[in-house]
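See structure below.
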Amino acid sequence: MKATRTVQKILSNYEADTPGVKANLCRMLMQGKLGGTGKMIILPVDQGFEHGPARSFAPNPAAYDPHYHFQLALDAGLNAYAAPLGMLEAGADTFAGQIPMILKANSANSLIPDEAPKDQAITASVDDALRIGASAIGFTIYPGSSQGLEMFEEISAMREEAAAKGVATVIWSYPRGEALDSAGETAADISAYAAQIAALLGAHIIKVKLSTDHLSLPAAKKVYEGEGIDISTQAARVADVMKSSFNGRRIVVFSGGSKKGADSVYDDARAIRDGGGNGSIIGRNTFQRERGEALAMLGKLIEIYKGKA
Amino acid sequence: MKATRTVQKILSNYEADTPGVKANLCRMLMQGKLGGTGKMIILPVDQGFEHGPARSFAPNPAAYDPHYHFQLALDAGLNAYAAPLGMLEAGADTFAGQIPMILKANSANSLIPDEAPKDQAITASVDDALRIGASAIGFTIYPGSSQGLEMFEEISAMREEAAAKGVATVIWSYPRGEALDSAGETAADISAYAAQIAALLGAHIIKVKLSTDHLSLPAAKKVYEGEGIDISTQAARVADVMKSSFNGRRIVVFSGGSKKGADSVYDDARAIRDGGGNGSIIGRNTFQRERGEALAMLGKLIEIYKGKA
Amino acid sequence: MKATRTVQKILSNYEADTPGVKANLCRMLMQGKLGGTGKMIILPVDQGFEHGPARSFAPNPAAYDPHYHFQLALDAGLNAYAAPLGMLEAGADTFAGQIPMILKANSANSLIPDEAPKDQAITASVDDALRIGASAIGFTIYPGSSQGLEMFEEISAMREEAAAKGVATVIWSYPRGEALDSAGETAADISAYAAQIAALLGAHIIKVKLSTDHLSLPAAKKVYEGEGIDISTQAARVADVMKSSFNGRRIVVFSGGSKKGADSVYDDARAIRDGGGNGSIIGRNTFQRERGEALAMLGKLIEIYKGKA
Amino acid sequence: MKATRTVQKILSNYEADTPGVKANLCRMLMQGKLGGTGKMIILPVDQGFEHGPARSFAPNPAAYDPHYHFQLALDAGLNAYAAPLGMLEAGADTFAGQIPMILKANSANSLIPDEAPKDQAITASVDDALRIGASAIGFTIYPGSSQGLEMFEEISAMREEAAAKGVATVIWSYPRGEALDSAGETAADISAYAAQIAALLGAHIIKVKLSTDHLSLPAAKKVYEGEGIDISTQAARVADVMKSSFNGRRIVVFSGGSKKGADSVYDDARAIRDGGGNGSIIGRNTFQRERGEALAMLGKLIEIYKGKA
Amino acid sequence: MKATRTVQKILSNYEADTPGVKANLCRMLMQGKLGGTGKMIILPVDQGFEHGPARSFAPNPAAYDPHYHFQLALDAGLNAYAAPLGMLEAGADTFAGQIPMILKANSANSLIPDEAPKDQAITASVDDALRIGASAIGFTIYPGSSQGLEMFEEISAMREEAAAKGVATVIWSYPRGEALDSAGETAADISAYAAQIAALLGAHIIKVKLSTDHLSLPAAKKVYEGEGIDISTQAARVADVMKSSFNGRRIVVFSGGSKKGADSVYDDARAIRDGGGNGSIIGRNTFQRERGEALAMLGKLIEIYKGKA
């Protein structure tokens, strides 16, 4: 499929990447109902690792089956499906070539002792991604953790290998750890900083959480207030994140967190769109709903990103 | 030997695996008296490492000899024999090709200082497995330990190498460590979570302990109760574990622990069978009994799994 | 471009280096308005990593865009532009071959927990430098930190690889950590020691901060006073650093720190020049000023290094 | 030299080993005055590392010279000589091919701070063993130490490499560390457990200390007493160790510790012989005696192992 | 140059070494005014790393220039010049082939926090030694430190690589760390032990400090006194070190420490000579003196080693 001008323009921002990486980015940008618009919706299903199977799938038991998620992403016309290795392997053949996959290459879980530093385990490799035909690897970093520097080193090395082998890199940049209190994790300044770090580490796609209007680092607060950076609305904060992602030269998708009301999900999407963000990465709010309901919600989100809702 | 339809169906769930890995899974599934039924009984003998030789073998001194266990697994018509490197090397030639071997690639022991984090040592490699002709590697993970993430990384790397070389991977997923109290180690929610983690790490065969009706993590307890997940019987809990193992797309075998009465062992097997589990991994309950008695017990278990007892 | 005698003489001090490394040093020394004089001004933009995007770029929002800095370095006639991987990749193609790049290969950030030892994460490789066409890698060491020895080992290994592949090495030698109080970090003796360590580690270009007339280590203080080493002026302290950099056999550039008045910046440059230093590495004082103002300041600095101001 | 039936039978127990490893085991078993009997005496000289030169060699100053030990082992008709790298290199050429060497590949020393975990440094490689013509590597493990699991991993990896290159592995299994009190280090149950661990790790020759009739682990004590395992005599305890070494399928040699009276040394050997052990590894009791006296003692030990004394 | 009989005899003690290593040892033994005598004087200049530039070079400012030391070693007729990588690279071409170089491959510094374990950073590689044409690598170990075992592992690995590539190894064996008090660092028993460890690690040339008549380890003290080992004079203690260095089969050079009176330096050399030591490694006592004075002192030392003073 011929890439649209919009997509070609986005790809041209990746000045140092090989055709292999660009092809995979293009594949994701041209897939599904948002294909060609430069907007993206990604379905991430790593909650079985993070929260355990019951908390993730019991609300909609069909979701225990790995095939369910491939089919959901495909039927809803999403851009890509992200999951840990075992989950993707369980459907890699049945759905080969039908929906771009992002191999989530590290994972945490709810059984880690509280006192352990915030960290994740690397549970898949770039060669695993090639073997199962994934378009990208996904990797979480925790800026703010005492393990943060080591996580940066891990993804730097893995990203270099991935890029050399034509696989794109998606970084989940989640501020967390000893340096941050709970409000700090989603503060506006921290969120923009998290996006900047992911961009500097060479992420092709950046995933951050939507932020609040809290400012956490005193030195940053002073600048935000002194320079009058607008963070009063969600859209303004999205715009600040995009500016911090090389002035919009990198694709950024936003996540909304735990299951909530549909209107709230739609409002988030409108803010992402209006702030210039590239889209949503939305898991529990879809697969924990009954399939028909989830498809309807995803259809509405697509309309929002198309500017029609 | 031509694989049965049942076995072919099981193998088809391993969508991303090479013919080499599938051939080894097939070999184990087609071996012995349960061959072709999709059910399995595995004999594991790593207790010499875990508990020392006297506690393991003195009750039945013939078991000090490594050949004893090969012969027992063979004569009883089991599917596979699992043991550490030295144990397998001591009979690898005499029993070559007669009984599938699972090389237990990491081990703990009873001389580790109490205050040390729960961990195991890697004591064999994938190339060792190839060299002695093993069909699979076995690896223990301790979700709940401060070393858990590192153990996940170890098996992820080893599994990748094994799969590339056509060797299957069996993960012993044993919740243990600072994050868990004693009841938590065998809680229903934790057991299902442990199975899910093993599946996500890419295990071809998952080994978990039979669980109790205790629920350990508050957030999980809320969901189990809210969604009305049945954990009132052993069979129901086995079914929950199977659902958590990619909705039954992965082979799961269950262990019963220390030596106990025969009726209790049979009841466990019936619950595994009725809950849809694939079988038993049973060590001390067989090799600590006199050989004739052990063969009789294993014969009865086979009948149970065939639905005849 | 034919190298001037001055540049050839400087290059001849690198007695054990390959033509590849010398070519890259030559490229930097012959670039821009100071080309051929043996003096250098380098634009470093790693503050987005170190301090976050708002603190770095909000004072001059055009600087959020990675292209801005390439263009500024080029238009001002500087010798090289230094930044982390993502930042350079974002302009590597547009500005290919127009301005020598220094790939900053490790970075710290403001989200590291206070109690963590002073350290940086390696976020790029020598092969990354080759791939994007950089002339050198940049690497920060923290003499005085409990991680100092490990950082020395990291740059020693990376420098060896870089040199073998024809890439030059710039070491940011920043005393910091448990062994030093705040005054010690910029003490005259410590600064000279930091330069000496970088030289011994094999740096081709050494970056240190301008120092104060404080003396920190008692044993050093005794020698400075006993031997009457002049540290009364900035120029004298620059001269002491040059002497400590193999008696001037290594290129040394000095940094001035946070944004300050223009006159102060000029005074620093005159002291560097008069003490025999090779030049300035100047970031926030340029890119946080409006572009026209920054170009004027850089023009003036060039005049100073040419001895005309 | 044609291997005797006894030796051939011993070699046949090593079912998974290459001809290269078996050849080296054969070389040691066929060497010297016990050649062909299946019994062995090994001279170990690593005390210079463990206790320092004065404590080791001052009682018999001729022993400061590395050649002394080669000559002693040769003249006494022993099976092999074990020492650290430097010690073997100092005579490797003069005595090439005359006496099998065991390269002790890790070592501790008496200058390690008390509070450090019990551990040793790896001070030689498998390739070193090949280069100097050694028949085996020797490696100490400390079950009971917080470093135990790591030492197991080290020897597992080194053993794999050694076996692939035709070099045999001797494991010194010395219970020591936080998990054990002083009586526990030589308790009967611990000693048998130590032998079992070495066997499971794939040792070709196991070295343990002679034990006492103390039982250390409560769970093991219960079994020893409940099953009536005889540990009342040294010979009975040796027999228990042999049973724990794959029912005698592995060669086990016993050490006696610090210098003591000759009669005590002879009693030890008779117990080893009567319990079915393969022989002695005896250092300070020989080389700290004057050469003539040492040769006489070794001659007597050989007679004992031949059943003539 | 044809090697003298004395040198050939020394070389014959290195029984397991390649011609490449022997050639480099020969080069050092045949160099300069002591060439062929079996005695050596080595100039070490790593104090810039250890103590900083001012403390090292300010007393004789000409010494700030790396060329100064090459020239001094050459003009004085010494056997070799030892320094860290940067220092050697700065003169490697100018003095190529004129004076054997020892590349000091690890270094400590005075900015390491006090509470950190005693350790050094590896700052150069064996390939660096080959690239600059050095005859040997130099490496410091700290027996007595909690990092001691790790340092032993580092030099064991590096020595193996060096030997395989024909580069000799010099070990600076400096007892230091938690296990030792200040008197212990230079105690007679510790010094002999340090030499023994270096020899066992495979050092070709051993460097230890001259010791005092203090005895530190109680178990060693008992033996020294019980066996009547003479440590009453410096020469007797040197003889004890030589005995502990494989009965003189290894080259040992002694260092004297900080700058002191010339007579004291001469007395040290006579004791080294009379005790059978191979020579001196002497830094600050030469390069901190004015060049003429240093040359005179070195001339006198050469006369002493020749037995003429």
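Labels A, B, C, D and E are assigned to the chains in the order they are written; within every chain, residues are numbered from 1.
We take it that a residue touches a chain if its C-beta (ideal position, glycine included) is under 8 Å from a C-beta of that chain, and two chains touch if they have at least 3 such contacts.
These are the chains along with the protein names UniProt gives them: A, B, C, D, E = fructose-bisphosphate aldolase.
Fair warning: this is a prediction, and the values are worked out from it, not measured in the lab.
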item	value
Relative orientation of copies chain B and chain C, as a Cα rotation angle in degrees, nearest 5	145
Centre-to-centre distance between chain E and chain A (centres being mean Cα positions), rounded to whole Å	58
Chain centre separation in whole Å, for chain E relative to chain D (CA means)	36
Sites on chain E at which at least two other chains make contact	none
Touch-based graph of the chains, sorted into line, ring, star, complete or other	ring
Order in which chains appear around the ring, chain C first, chain E after it	C, E, D, B, A
Parts of chain E lying in touch with chain C, wherever the complex brings them together	48-49, 51-55, 58-59, 61, 64-66, 84-94, 107-116, 119-125, 127-128, 131-132
In the complex with chain D, residue positions of chain E that touch it	13-17, 143-146, 148-150, 152-153, 156-157, 160, 175, 177-180, 189-190, 192-193, 195-197, 199-203, 217, 219-220, 223-224, 227, 229, 240, 243-244, 246-247, 249
